[in-house]
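Each of the next two complexes has chain A plus one more chain, namely chain B in the first and chain C in the second.
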Partner chain A sequence: MQQEQVPPPLTASLGAARARVRLPWPVLLFVPALLIIVSLVIAFLVLLRFSFNHWDPVHTMVSSWTLANYVALFSNPVVGRAFVNTARISAIVTLACVVIGYPAAYGISRSRGRDVLIFLLVAPLMIDALVRAYGWFVMLGEHGIVNALLTGVHIWRGPRRLIYTEFAVELELIHELMPFMVLPVANVLDRTDPALREAAMNLRASPWRTFVHITLPLSLPGLVAGILLVFALSMSAFVAPLVLGGGNVLTMTMLIEQQMLTTLDWPLGSAQSIVLVLVVLVVLAVSRRQLRGTAVFGR
Partner chain B sequence: MNPASRLWGNWLLAVYLIFFFLFLESPLVMILLTSMNKGFGVTFPPQGLSSQWYLRLWDEIRNIPGVKPDLVRATWTSAWLGVSAMGGSIVAGVLVAFGLHRYRFPGRTVVQQCFLLPILFPQIVTGVALALWFSAVHGVPVWARLVMAHLILTLPYVVITTTASLETLDQRLEDAAMNLGANPLQTFWHITLPGIRSGIISGAVFAWLISFANFTVTFFIYGSGVRPLPVWIYEVLQYLLDPSLAALSTGLVLLTLTVLLILNRVFALGRLMGQRR
Partner chain C sequence: MKRWLTGLVVAMMLLLLIPGPRSLHAASFRGQTLRVQDWGGSDGDAIQKNIIDPFMRETGANVTVEYGSTSESIAKARAQKNDPQLDVIMLDDIGVLTLAHEGVLEKLNLARLPHASQIDPTYIIGGGYGIGFFNYINTILYNKTLVNPPPTSWNDLWDPKYKGKVLSPKITATQGLLLTVMAARLNGGSLNNLAPAWPKLQALRPNIHSFLENRTEAAELLKSGEALLAVDIPYSYKPVIEQGYPIAMTVNLKEGFFSISGSACIVKGHKGNEDLAYALIDRLLTADTQTKMAHDLWYGPTNPNAQLSPLEAAWMVHSQEQFHHAIQVDRLKLLELRPMIIDEWNKVMSK
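For the complex of A and B:
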């Protein structure tokens, strides 16, 4: 602010003398958006407050200040099972995304039709989650393509029931979250200097050695960002376990849904939501540096 | 590395990419095949072509007895909800993106990330928290609740696309306008806004699509009488696998892809996630 009081020297170029457009009362620019964000914050505070309330079967929710709900999260075996299930599903999904996604990211970053491929990669994300889930419903049915393929090549003897299993949920999540793994990796690979790879090859390093010692280490920040994003997003996934799990796959989100809509134990559901948010935000905060410039975090 | 093995490597990579994208697009393709399948439901390979499911969808659109009612109503609800959320988040998002881009102040990065927070906040928690808040505050109509929730969901996308446009805007144009005697408001209206038009339009389209397709948050907030399309589809999925749903889904997929294809010319999809051009 100080600097702008000083009149620019006449010899300065136009760029340096730039008088940027400054509207009067700049604070007003932030008001509408702040209202929107603040409403999320208020809702979150209500959730936090409810998580200290007491629940009883007759009066449903009784106002109080108790930590019983948080204690219940650690002592209740059902919650424990849900947490373990969620962690397992997220780990499997993340691992699969790395294994399947890394070569794809490598291929996309080397290909000439990159823009088209990135469109094909991101477009399924923008399609109605229910429509996507229905697509998997169709594929995983008893006469669906997955059963047809796997029995066709004699991996399975006969069709298996796949819908409403953990496998179905994992498959949907791998599909849904793949772009969040591939894009950060492809971004980083794009920006690495091809000369480094060529230098290694000129020094007669084998393709494998070049990959392990040059390409892989350089792409590590993107890979870490992808892993954290996919893990965090699969922890908070809702549609996949709801539609494709059909009540057979108990995750944290399914438990929250049950408590909110079926048993109406809002305090326990709130405490669980708080824990879920904390886990997800901690994962993302830890990785802020890796996420910067690769994810939605901006530059 | 010798040329032969490099060639082999490229071939291998290309074949891998083909399989990878087959996997990614397979649910969409299967929906299309199912909607044209002669047999009932979800069989592979398909048993022959038929338009019966599209005819049945037509029945549902006309709301004749014996079909799941209210398809058209749900679609309109979703479409208008999308328009409302889009309008609100365009105004709020463009202003805040401009403010963040032009004014430097302490804690600016943190503020910027706050506006992107709803993307990373688990959607189920957003939905549950809003539902609980609305349960404590009586008298807010369901429609207003849904718009509020969708504003939260769509705002970050407008901020992202507008910021991207602002970064490429040549600010000397604004300087020129000011030198010619325009006041800041005139300059903003006649120079800045048209200059970031592509960012605003893409933000609007993303906002509408995100709102139109949202299920998770909507599921916890919708009420009787106001039932958006994703909730309608969920209810159908609950009790029957009528392939007319595939016909409907095909329509929705084609609609989304068309919008995205047009949009992709203005604002490459990958940039939404930090891909630079």
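For the complex of A and C:
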């Protein structure tokens, strides 16, 4: 006699089902990031499509497939000038952030007041970029605190023009982007085993040699991350050139704004945006490979 | 005799029953709706207070207002061309010219605007497709304490004594385009021949302190003397002038100054009451309305009968003599040339 199949209890069925489909809870934490990434990719693809359209003075953007915008972009000396300005500013800001930021990160990682120092470092990020830029505007003005201080101690004979210069733009960007250099480096230095440094010093390595052969190579991943972040953010900076450049500093973002919001030449503006993004991605990819390749691990 | 007198009284009573011409004061538009678009912001607030609200009270009509810049109004009217959702649009004269060119507007019958005869002909836009109810100008402003005597020519901007002391408009603003036209004219060119503008603007570069981004910044720079001259629209400085900043403007320039008007127009094929649309536009043209707008916003009137205080009169163009000294530029041509102008400007002005 065939025994009747007894259905398993409901809870046992659910348990089995759950075991077959294990919910990857940590992966779900990436969902918000994924939404942002997907939005950015979609925006990029929309701009890419626009960049092949044709622009008409009356009807603005007309659907088309043309390379005319890229031809116009690469044959325009103003675009070349803007690119050079943008790249120069980004390089200077990145270098300054490395020179100032690395020692700061080292100090933070070795400090007992680390939390307070981190807070002070990121505090400027809590202020809107525009407000921050106008703060620099006030400080760097002819009657601002910087001119007052330097003329007061007779380093300068009289006030100098600091505002509406490339210097002012770079200063604001260094202030704004320093946390993006310091935090990755400090994080990596935090996780460095202090025993490695101690071992080096026990073997009579000088502090400088210990730094060069032990600390610096181990901190390279953080340094690379910081450089990439600062450079990318500098290349796409808009508020600082707008407020502190006073029209005297022509960057790619200023050109893109003119095309998108004034002449409404979205195809050309899109082409400029695509080229800027691609240039930044290529520079980041090459820089990342170069920086990792020069790591000295003492093996 | 008695029969004759009775007949006369009856005839007079019958005459009283005949409806007279439509009058705003008769609240004859009760229940009607008019859809209007204006600039919004402080402009919109002043229009609502000085024009729309009193108009609704007096006529009983309902006026719904939407907001948008001139560019936005052009885009909206263009998009709605086959099914207009607006009756009256208030926008810069360039918008009237653009939309009239595209067949979006109805040509105004000036005979239906009793106050149109008071408006200077300079402000009848596009052959009658729009009518200006305020004007603003692009001219030279200066620090009145440090610049004496005031500029008398646009060429003064190029004076070496103003090296690094001139605030120039950005090329993304209309003022930048107009400065380009002026540079061409000073160098023997014109709107139709802008080539002379580029070397002239290149010669101006050393005198430029910066390109205007923010009026408050500009006012502070003029006040402190870090800048001495600015090419801009005077009414934008009303808040600081009223605080006593030492800034003045001049329209006594040998070459003239540029004038732009805020205009009203009627959308072709609109669905609202035609008489109501004309009544509203006529309201914009009265000396009383324009006096109030001048007081609130420092917008120059187009009706020379507007009453201005001495301070207001010093800051806006209001007389017929001044109207005729204003330079009117072919705005459609300027719009068409704008991409080229921006490109060439960037070549000579960018570092």
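Operating definition for what follows: the second predicted complex is superposed on the first by the 221 of 299 C-alpha atoms of A that agree within 3 Å, B and C clash if a C-alpha of one lies under 4 Å from a C-alpha of the other, contacts with A are read in each partner's own complex, and residues count from 1 in each chain.
In the analysis below, a residue touches a chain if its C-beta (ideal position, glycine included) is under 8 Å from a C-beta of that chain, and two chains touch if they have at least 3 such contacts.
Computed from a prediction, not measured in an experiment: that's the story for all the values here.
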Which superposed partner A:Leu203 touches (first chain B, second chain C, both, neither): neither
Touching partner for A:Ala195 - first (chain B), second (chain C), both, neither: neither
Which of chain B and chain C A:Leu284 touches, first, second, both or neither: first
First (chain B), second (chain C), both or neither touched by A:Asp265: second
Which of chain B and chain C A:Asn248 touches, first, second, both or neither: second
Dominant contact partner of chain A by residue count, chain C or chain B: B
Which superposed partner A:Phe137 touches (first chain B, second chain C, both, neither): both
Footprint overlap on chain A, where chain B in one structure and chain C in the other make contact: 137, 141, 143, 243, 257, 261
Touch list for chain C against partner chain A, complex: 71, 102, 164, 168, 170-172, 209-214, 217, 220, 224, 226, 335-336, 338-339, 342-343, 346-347, 349-351
Touch list for chain B against partner chain A, complex: 1, 5, 9-10, 13-14, 16-17, 20-21, 23-28, 30-31, 34, 41-45, 88-89, 91-93, 95-96, 98-99, 102-103, 111-126, 128-133, 136, 148, 151-152, 155-156, 159-160, 163, 171-172, 174-175, 178, 184-185, 187-188, 191-192, 206, 209-210, 212-216, 220, 229-230, 233-234, 237, 241, 245-246, 249, 252-253, 256-257, 260-261, 264, 268-270, 272-276
Chain A residues within the chain B interface of the complex: 14-15, 17-24, 26, 28-30, 32-37, 39-40, 42-44, 46-47, 50, 100, 103-104, 106-108, 110-111, 115, 117-124, 126-139, 141, 143-145, 147-148, 175, 178-180, 183-184, 186-187, 190, 201, 206-207, 232, 235-236, 238-239, 243, 253, 256-257, 260-261, 266, 269-270, 273, 276-277, 280-281, 284, 293-299
Complex interface listing, chain A residues touching chain C: 57-58, 76-78, 81-82, 85, 137, 141-143, 161, 163-164, 242-243, 246-250, 255, 257-258, 261-265
